[in-house]
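Structures given as structure tokens follow.
Two complexes follow with chain A in common, the first pairing it with chain B and the second with chain C.
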Partner chain A sequence: MYLNDLNPSVKALTIAGLVFILAFLFDPITPFLYLIFVIGVTFLFGRFNKKHYLLYFSPFFIFAFGMLWTTLAFADAPSNPEQIIAVLWWEFPREDLFIAVSLSLRVLAFAVLSLLFIFTTDMVHFVLSLIQQLKLPPKLAYGVLAGYRFLPMLKTEFQQIRAAHRIRGVSQAKTIQGKVGQWKRLAIPLLAGAIRKAERTAVAMESKGFTGNRNRTYFHQFTVTKKDWLFPIFMFTALGLVILVSVKLGYFNIYDGEL
Partner chain B sequence: MNEPIIMTKHLSVSYEEVEEPALNDINLSIEKGSTWLILGPSGAGKSTFIHCLNGLFPRELDGEMSGHVYVNGKDTRDYHPGEISRHIGIVFQDPDTQFCMLTVEDEIAFGLENLSTPLEKMEELITESLKLVGLEHYRKSDISTLSGGEKQKLALACVLAMKPDVLILDEPTSNLDPCTAEIFTQILHRLKAQLGITLIVIEHKIEEWTELVQHSAILNQNGELFYQGTLRDGVTEHASSLKKLGVWLPYATREALKTASPLSKLPMTIDELSFKPEIVHPSDGYRGQQLLQTDNLSWHASKQKILDSVHLDIFQNEFVAIVGPNGSGKTTLSLLLAGIHSPNRGSIHLKGRPLGEWREDNLRNVIGYVFQNPEHQFITDSVFEEVAYSLKLTNKEENEVREVVFQTLKEYNLEGLENRNPFQLSQGQKRRLSVAAMTVMDQELLILDEPTFGQDWNTTERLMDVLQDKNSKGKTIVMITHDMELVDRFATRVLVMEKGKVKIDKKPDKLWKQGDLSRYHLNLPPRIQAERMRLPYVSK
Partner chain C sequence: MNSWKLKEIVVMSTLSVVFAVIYLAFLPIGKILVGFFGPIGYDLIFGIWFIVSIIAAYIIRKPGAAFLSETIAATVEVLLGNAVGPMLIVAGMIQGAGAESAFAITRYKKYTLATLMFAGVMAAVFSFAWGYFRSGYAALDSSYVIAMLVLRMVSGALISGVLGKYLSDALARTGVLSSFALGKEMRRRRAA
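On to the complex of A and B.
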């Protein structure tokens, strides 16, 4: 059984729920344990390119590390300055270090949960499941899908317009006013093209009988089966256990406006 | 006599912002199982007409529609939204913007889902329609990986799966190279024989449709129905008016029109041509000094080789045509030659100096480049400013600039439009303006990426006149095109590209003698076809 085969809506709601709960917890141990658990689940039960995962994870890691450092460097004066923890050859007030580590681990926990979803879910299937399970209006959903196809086209078009302007002798603007003008010049043909393309696509969709109402069948049918419920049960139980461990160790803390 | 499957009665459409109606009192009756060509110059309301047929007017689009359209005897206003798609299917012109899903089978399924087709039936219909167009091996493919021709076949499959009574094709082959276009029309021939479907083709070129189509309706510039009847009578009896309208007449008709007396019967296809067509091929002319030289030129995008070690010399006063299949690297080569992209490997020398060492503004005074999409090049708010832009950069006197601009506008048939916004011009005007704005600096080398794409006869002729005039004054022209007739009439040299390499580099008349043109997705220009057909008689 793979994460990829789960119902995308169930998966998305579970992730959202977990993120919501994690946002209220404020101690280093809970997010740390859960982080490791989520990475483990992703790698054990997900089918995806593992190298890409590292690539996507690294910016989050750098961001979390930056957060750790800035929180430490700009921390408020601790209420218990005598409690010190030594890390390698630095010494930090225990309280500051806890806050900093909690914050950055929390960011990482959010990140791995999102990556779990992104790496094991087909974008199209997600949108289709949103229509079928969460009653997203088809008009909106198919619009999103069509837009998804457009993004690479817009990028190519932008490059073409820029090249075209360059050879007309449009030089790099130096003043702010000039820069605004330059962006306007680029934006108008880009938007004109995008609107025309969007209209053509809309006409094509309608000529294939698309009306936007829910009265349609589905080639990819998404249903919620018993095994889909295993995922939220499994994930929330694990979070409960992690919280229990952290309570037992005496670290557990609910967010209370501290920073 | 079959009953009409589509009938329009006093159909008129007008848009709010425009005074003249787009369609004016159209009364047309199309029989079940017949094949029609709807002809008209660009801007004659052909697209508006299709939108009326499938019920987008008056329901979805802005604009006033009066009169009636009957599909299968029922007024389109009385159909439920989406219901007409069971009767009328449309393949559009642009292969990229008519899809909304990511894979081939999902796209076909999309139409079937809209019709609430049960899942078990969908499988069968998808398989069947892919087989009809010959795409059965692409079922799971990503649409973005398909070529232009394959995308058009997919668009056709999507519509066929929905089993419409009428198939409408809106300039379906205008984005395709000659060979791919021919394959596409062959599929239509087969479909017609197999399914007996009613076929309506919207076009401004007649040539490739003469075999398939029996009837035609011709719209004029004012959106009026100028003719309806058999295609042959339409073409041969109204040839000179059609030519004036800007419709691309078949080659044979055009040639005969030059010499024929007003009373003689005009031919429509090449084999009916009763005389040897005149050769309008340019004289070899003199070839000047070496202008541009490339050495081992290569370019790749994300590991995919687009251009593979190209060695090329371009001389002054040449008229070079670059031809070849879609995706063979023609545009990339032209962008590199113009110094817009830099090569990954290899070098380009302009007048003996590496391209990279040229200052941008000096380079632009020597090389001009016209993009395929004219809108991309517009940078000002008025036609006058557009042409004046480059001139003003050179610190010319105001009076002198005005004089040159008006002279140029006249040359390109754009007089009286100088205060209009470039984006509000018609297709043909936009194209002419983009070339005018680019050539106003009188560059020595002009590179054009499919300048005649989507243009009607009048704009194409005007454009080619200007280019030939420049060429005769010593300028060098490099032009990408799919139109072998233009190659035959204007080029002094032709480069055939395939898979990122320049495979053939010769004079056009030598190229026509080559046996394997279809390998490069090329066809023979009509003049040569006509000559070949006459050959046995000539030799007698």
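On to the complex of A and C.
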């Protein structure tokens, strides 16, 4: 499928660019239409577990709803207070309601863009592409990959330390002070263990000849082909069309430098 | 990057990964606080989200430590899937740049408590400027916005500055940092 085979750097930069543009738009129509478009693209051209996607996507609705009511509740005084929109039993100034809806839809639009990337990209491929296309220093990139690998191990270690405490008769703390102490007893050994492991890994990498030199070979070669350029062209054209629709409908609103 | 040892890079990344998980754990706490106090709820605990830049810079003491660690932590957060989205990476870079600016001002020579608290405050200021545009604080009442900024700066100084130093010192006492700048300094001080 197309999205999974796309060059990860091109994909990441395209999404960053789209998010950047969306961050300056304050109308409700553009993020809404683009949201639907991105979901469509993800499902049509991506290969991933659809159930997981829904699972990841649903918490964003809570976040978006939080954004909606806080923006409404703490809104600045509107410049046209006579324009009112009634929603059920409440009345809101038109301006405030539009901005609030726009900001919460924007949260969702950002979310689907991010999910498009996460669900169709392999983390290791992404880092390798960053070295090969975006000239990330290999020393840093492989260092980060090594650190990232510790993530599942940390969970086991955390459980181990807790179990070790239990076995030695450290009981569950009940007071707040006790809880802080307990947290410290867990955090320090966990961090110390992680640092030790990291140091050992670095020594192992260097002893096997890793110098961090750019002049090296790669198991996975990444290139940017003509096909890769289709993605940014397609996505930005669609955003342009959506903005055009919003302008035609008379909703379009861009950040005007208001402080 | 050439002045960095591989060991330092891997340790920095590992710290970033650990704190990325902690950052994610604090997001729901932030949301609960937001539920009670409005958007200002985040600012109460905002300092926790700068802590890795202060810890990494304090331990490794090389230019870029604050910026890189925060950027990596934010990237890992996004990869683990969070409810903020990819813009979190940009936010992390900006927070890291804020903390980094404080260390750059002291020319990467002073790592006292005051410097670390200053780094926390700078991270707060930078992240606030970003949040102002991104989250549309412009739409909020201005006295409320100022209260948010002040609270975030205090949170940055206390949570990331003071707590960050406390955690790093506790780690150094275990001896695992003996080959890093902080551990070396501690040994020198003990010998003196």
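Definition applied: the second predicted complex is superposed on the first by the 225 of 259 C-alpha atoms of A that agree within 3 Å, B and C clash if a C-alpha of one lies under 4 Å from a C-alpha of the other, contacts with A are read in each partner's own complex, and residues count from 1 in each chain.
Please note the rule applied: contacts are C-beta pairs under 8 Å (C-beta built on N, C-alpha and C of every residue); 3 or more make two chains touch, one makes a residue touch a chain.
Because the structure is a prediction, the values reported are computed rather than measured.
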| item | value |
| --- | --- |
| Combined model on chain A: chain C and chain B, fit or clash | fit |
| Chain B or chain C, by number of chain A residues touched | C |
| Partner chain in contact with A:I118 - chain B first, chain C second, else both or neither | second |
| Partner chain(s) touched by A:L140 [first = chain B, second = chain C, both, neither] | second |
| Contacts of A:R185 with chain B and chain C, given as first, second, both or neither | first |
| Chain B versus chain C as contact partner of A:N215, first or second or both or neither | first |
| Contacts of A:E206 with chain B and chain C, given as first, second, both or neither | both |
| Partner chain(s) touched by A:A73 [first = chain B, second = chain C, both, neither] | second |
| Superposition-derived angle with apex at the Cα centre of chain A and sides reaching chain B and chain C, degrees in steps of 10 | 70 |
| Chain B versus chain C as contact partner of A:N4, first or second or both or neither | neither |
| Touched partner set for A:I167, first chain B, second chain C, both or neither | first |
| Nearest Cα pair across chain B and chain C, whole Å | 7 |
| Contacts on chain A seen with chain B and repeated with chain C across the two complexes | 146, 148, 188, 192, 197, 201, 203, 205-206, 210 |
| Chain B partner contacts - residues on chain A that touch it in the complex | 124, 142, 145-146, 148-149, 152-153, 157, 160-161, 163-171, 185, 188-189, 192-193, 197, 200-201, 203-211, 215-221 |
| Contact set on chain C toward chain A in their complex | 1, 4-7, 9-18, 21, 31, 34-35, 38-39, 68, 72, 76, 78-79, 81, 83-87, 90, 133-136, 138-142, 144, 167, 170-171, 174, 176-177, 179 |
| Sites on chain B touched by chain A in the complex | 51, 54, 56, 60-61, 81-86, 88-90, 92, 94, 96-102, 105-106, 109-119, 122, 143-144, 158-159, 162, 335, 338, 340-341, 360-361, 364, 368-369, 371, 373, 375-379, 389-390, 393, 423, 437-438 |
| Touching residues (chain side chain A, partner chain C) in the complex | 15-16, 19, 23, 26, 56, 59-60, 62-63, 66-67, 70-71, 73-77, 96, 99-100, 103, 107, 110-111, 113-115, 117-118, 123, 137, 139-140, 143-144, 146-148, 150-151, 154, 184, 187-188, 190-192, 194-199, 201-203, 205-206, 210, 212, 255, 258-259 |
